[in-house]
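Before anything else, here is the set of structures, which you'll find just below.
Next come two complexes built around chain A: one with chain B, the other with chain C.
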Partner chain A sequence: MDNRNSKAWLYLLPAILFLGVFMVYPLVDVFIYSFEEGYNSASQTFFGYGIYNYSYVLHDPYFLQAVKNTLILVAITVPLSTGIALLISVGLSSIKKLRELFQTVYFLPYVTNTLAVGLVFMILFKKTAYSDGLVNLLLNLFGGSSVDFIDGPYWAKMFVLCFYTIWVVMPFKILILTSALASVKQDYYNAAKVDGTSRLRIFTRITLPMISPSLFYLVITGFIGAFKAYSDAVALFGVNLNAAGMNTIVGYVYDMLYGDSGGFPSYASAAAIILFAIVLTITCINLLISKKHVHY
Partner chain B sequence: MTNQKDFEKIERAAARRKTVINAVIYILLGFWALMVLFPFYWMVLTSVKSYASYNSEYIPKFFTLSPTMQNYVDAFTAVPLGQYFLNTLVFTVATTAIMLIVIIPAAFAFARLQFRGKNVLFTLFLSLMMIPNELVVITNFVTITNLDLRNSFTGLILPSITSVFYIYLLKENFAQIPDELYYAAKVDGTSDFKYMLKVMIPICRPTIITVTILKVIECWNSYVWPRLITDNEAYYLVSNGIQEIRENGFGRENIPAMMAAVVVISVPLIVLFLIFRKKIMEGVARGGTKG
Partner chain C sequence: MKVVLQNLTKKFPNRNKKEAGEVIAVNDFTFEIPDGKLIGLLGPSGCGKSTTLNLISGLQKPTSGKIFFGEDDVTGLPPEHRGIGLVFQNYALYPHLTVRQNIIFPLQNLKGKNKLTKEQMDEKALEIAKLVQIDGLMDRKPSELSGGQQQRVAIARALVKMPRVLLLDEPLSNLDARLRLQTREEIRRIQRETGITTVFVTHDQEEAMSISDMIVVMKDGIIQQIGAPQEVYDNPVNLFVAKFLGTPPISVFEGCVRAGKLYIGDDCIMDVAGIDDQDVYIGIRPEGFILDGDGPLCCDLKGVEVMGRDITIVSTHDGCMSDEIRSIISSDYKVSVNTDQVRFSLKPHKVHIFSKTTEMRLSGN
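Entry: the complex of A and B
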């Protein structure tokens, strides 16, 4: 028995080692960091323990700006992307011709590099000296005036960020929802048809309840993903997100850790833990709500 | 007779309504397909416009009559795009290969072997799935810096190797293999290790391929960790490279050359996707994260 035991642990050893060093230890350490006051990364010394880091972060205007940006981004993109994905998936599941082609096309953003394609979006939206950019020309066509979406007013920038975020997260949502829709038994629809049920009623009484687990799964992962938004913003506005006023919470963490404003792992840790607390709370609320409404 | 006519009328009306609904659906789907494809079209189009013609177009043209490859030449000569590419390739292959070597035995142990503390350990593994990367990246950054591994492949690769989720995915798949096979192999005197290599891995090849592809996509697109750990261009991955190009390369304004670089970076994954379309979509449906 002992021999078998040790053999099993041998198989697990590499995984345990890597997870221990790069996940479990950092997890403990990040909490310690967040309470070490006046940590100096050059000399690796600190004054003592306390909650100063948290209070610093919570009073930092950059952090508050990042929280505000992230909350707006979450509030806009999660409902919108889930709604549009639902619409598209329902459309997809009711056609036969071209379905595979559409599915393939819709999935493309998933396999592209967020940073690279973000540059394309930047060009489409950017207003420069020699051209207003394609989106602005479209705006002009409909009688609007040009706006600089990349360096201009806050809401213009927020619009581009939300737009790009939705574009990026859509493939995953469409994929999950189409496979959920495909797994609803045809019997239910047939029974409803015999009863002469209207399309809308079929949708709200059969389709929605049947796919509600997937829908809530998407909402939960959507919230988590949107709270961690970062590279989309970098792709559009560049590395210096604070200057652009478009930083996100994760961006704040990395800026504190590294870069021109970096070198403060304690502040970064405190901010990361605050983010984790927010995400955990939201996820718990989501789970509680889903328990009430999801039909399993 | 009138009944018959009414019936036909109703049927025709229903058919008409169906056509209208179908048309609306196709327009909606077509619109989103356009939204998805347009940025790709624009990126390819811009990449073949010459610098001069791009900058002279106040109203950008939707096509070009004189495509040029000059931008692609620039992308590889003016900035070390080839270097970034090679780095990413090394990083992706090494990370994925080492990951498979680490997670397959672990999944095998959880699925097949009996040992004390198995359930406790597996629960602990599963609970690690909930830990967001943002929490651990801070200490990892300090660890790698202290080990003097910044700007090295080792530093890039080490923290990206394990994935609890893939262990879980593989373990579930391994566990589906009937026990009889294992006992038969045991009777024949096959060792556990040989059983894993010769029986389990071939049977579970589809899942292993799925995990591999997902990891490759993840590696190819990774940005945050490489950015933290490298500030030497010789170790930049494509994501960091593209950011660097955006901030400093090509004199900032050479958009066509930038787009050429973007096309070059995007093509490998798109080709991979078109080849393994079914596998990738299936795998992402089971274990995707982005979004």
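Entry: the complex of A and C
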């Protein structure tokens, strides 16, 4: 038994070492950094330990703006993207013709480069001196007036960011949900059909509970992914997100480290730990809810 | 509710599109299932018995032909309007619902004047659960039940809305041998108590024989024979039916009829009047052999298996088409194992003669 145990540890060693050096140590380090007050990255000295970094970050209007942006982004994109992905997956599973074609089309965004997609969105939404952008042309067609989605009002920018995020995360969700739907045995549907169950009831009482594990997996990873949003905003609004008022929490962390106003690893660490705390809380709540509603 | 199938045919397009032609799963079925009876659809796999069941349930549409429940033509009706209960081979219990919720599920679909209150539903569910003896398991999930219990829940769910016809697809194939015996008696009891016309599909002839009022033997989409189990067993219409029914299986010999006498090889084994001279297959049921020192059929003894109440004699014969002949005789006889040969005389009503060309049964006077 001992021999087998030591062998097991030996096999695990590479993974443990790797994770330890590149995951656990940095995590612990970030945690320590976040309590080191007045850290100077040039001289690598600090005054002492305390919670000043947290207090600073929590009072920084840029951080509060980033938190607000992130929360709005999460609250809108997670339910919407999951809901729309569910609708599309159900649609995909119920058609026979052209199913492969549509599956491919819906999966394309997943393999497309984020920045390339961002560029396309710029062309669609950006208002320049020469052109109003395709979306504005459409708006004009229906009698609306042009809106500057990239440099304009806050809600317009938030709309583009949410639109973009939903569009980018959708393919993966569709992929997971179509395979989940395909794994529900036809017998259940036949049994329900024989009993005269309405389509709506079949969907809510049979299909949804059967795919609930996949659904909750998507919700949980969706929350985590949306809280970590950063590159999407950069792709749309450029690197100076604070100026655009569209910064996210991860963006704030990055700015604090490397941005124009950067060089404050302690503040960055504090912000990162706050983000971690938020994500942890939300995930725990998700898991608690899923225990009640997810079957198997 | 009697069920009538009239010239029922189901064709499937060939899966390989390059090949022409269709697969005929059910070929021109016409038969009537009397009210309140238990019918076994029996045949080897791929013979179209499950398709027949699906046609009766309405999950599949026939290519041609009609189905009547009583006097109603239900051919065009979707399953939910036919008033059937269907038990699936793998039960298809909803895994996320408790036993009670599973049983109530069909009742919750009722609309309009048939709508039930929650109390009425619970009452009905409990009533039916008592019938199938699972009333103590109402709050469990299907995964917490044994195979036999799941089977009962599936039957309860099919019965709770009092269907006109109950359909069971291979109801016992997922159970172990002991449970199978027990459950088939149970199905028989439940069917008797409710009096619902029941059709069940099986490939196991013993299962079909033991509980059916009537069996329908099928092969390649064609009905071979319909009748009471014992009658079909005693009077098979062709070689296939004779071989398909009975354990141990019937022993088939090559032989011929010459001038009113039946020969296996050079041995004349019995007189048969009224059959023209020809080459024939001779099927002898295991219980049709009588140990007889002067008997006409001489076989090479291979072994003797004593099974308590009776003895199985395993022997071989050059004229026999299978490797060995299994004959069952009462254990009152003493069989000496030291001899190389064993002689039998035969019970004439256990000997069936089939034409070598058509494989249909030939009967003398």
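A few comments on the model shown:
Note that the second predicted complex is superposed on the first by the 278 of 296 C-alpha atoms of A that agree within 3 Å, B and C clash if a C-alpha of one lies under 4 Å from a C-alpha of the other, contacts with A are read in each partner's own complex, and residues count from 1 in each chain.
Here is the rule we use: a residue touches a chain if its C-beta (ideal position, glycine included) is under 8 Å from a C-beta of that chain, and two chains touch if they have at least 3 such contacts.
Bear in mind that the values here come from a model prediction, so they are computed numbers and not experimental data.
Taken together in the superposed arrangement on chain A, chain B and chain C fit without clashing. After overlaying the two complexes on the shared chain, residue contacts for A:V168 are found with chain B alone; chain C is out of touch.
Legend: residue contacts after superposition of the two complexes on their common chain; A:K185 is shown touching chain C, with no touch to chain B.
Contacts of A:G196 after superposition on the shared chain: chain C is touched, whereas chain B is not. Contacts of A:L87 after superposition on the shared chain: chain B is touched, whereas chain C is not.
Touching more residues of chain A than its counterpart among chain B and chain C is B. Once the two complexes are laid over each other on the shared chain, residue contacts for A:F107 go to chain B alone; chain C is not touched.
Judged by the touch definition given at the top, the superposed model places A:Y254 against chain B, while chain C stays out of reach. In the superposed pair of complexes, A:V279 makes contact with chain B only, with no contact to chain C. Look at A:L119: by the touch rule set out above, it reaches chain B but stays clear of chain C. After superposing the two complexes on their shared chain, the closest approach between C-alpha atoms of chain B and chain C is 6 Å.
Contact residues on chain C toward chain A in their complex (touch as defined above): 57-59, 78-81, 84-86, 88, 90, 92, 94-96, 105-106, 108-110, 157, 161. Those residues of chain A lying in contact with chain C across their complex are 185, 187-188, 190-198, 201, 205-206, 209-210, 212, 295-296.
Residues of chain A that touch chain B in their complex: 4-5, 7-9, 11-12, 14-16, 18-19, 21-27, 29-30, 33, 41, 81, 84, 87-88, 91-92, 94-95, 98, 102-117, 119-121, 123-124, 130-134, 137, 167-173, 175-176, 179, 218, 221-222, 224-225, 228, 230-231, 234, 238-239, 250, 253-254, 257-258, 265, 268-269, 272-273, 275-276, 279. Residues 22, 25-26, 28-29, 32-33, 35-37, 39-40, 42-43, 46, 55-60, 101-103, 105-106, 108-110, 113-116, 118, 121, 125, 128, 131-132, 134-143, 158-159, 161-162, 164, 167, 192, 217, 220-221, 223-224, 227-228, 238-239, 242-243, 246-247, 255, 258-259, 261-262, 265-266, 269-270, 272-274, 277, 280-281, 284-285, 288-291 of chain B are the ones touching chain A in the complex.
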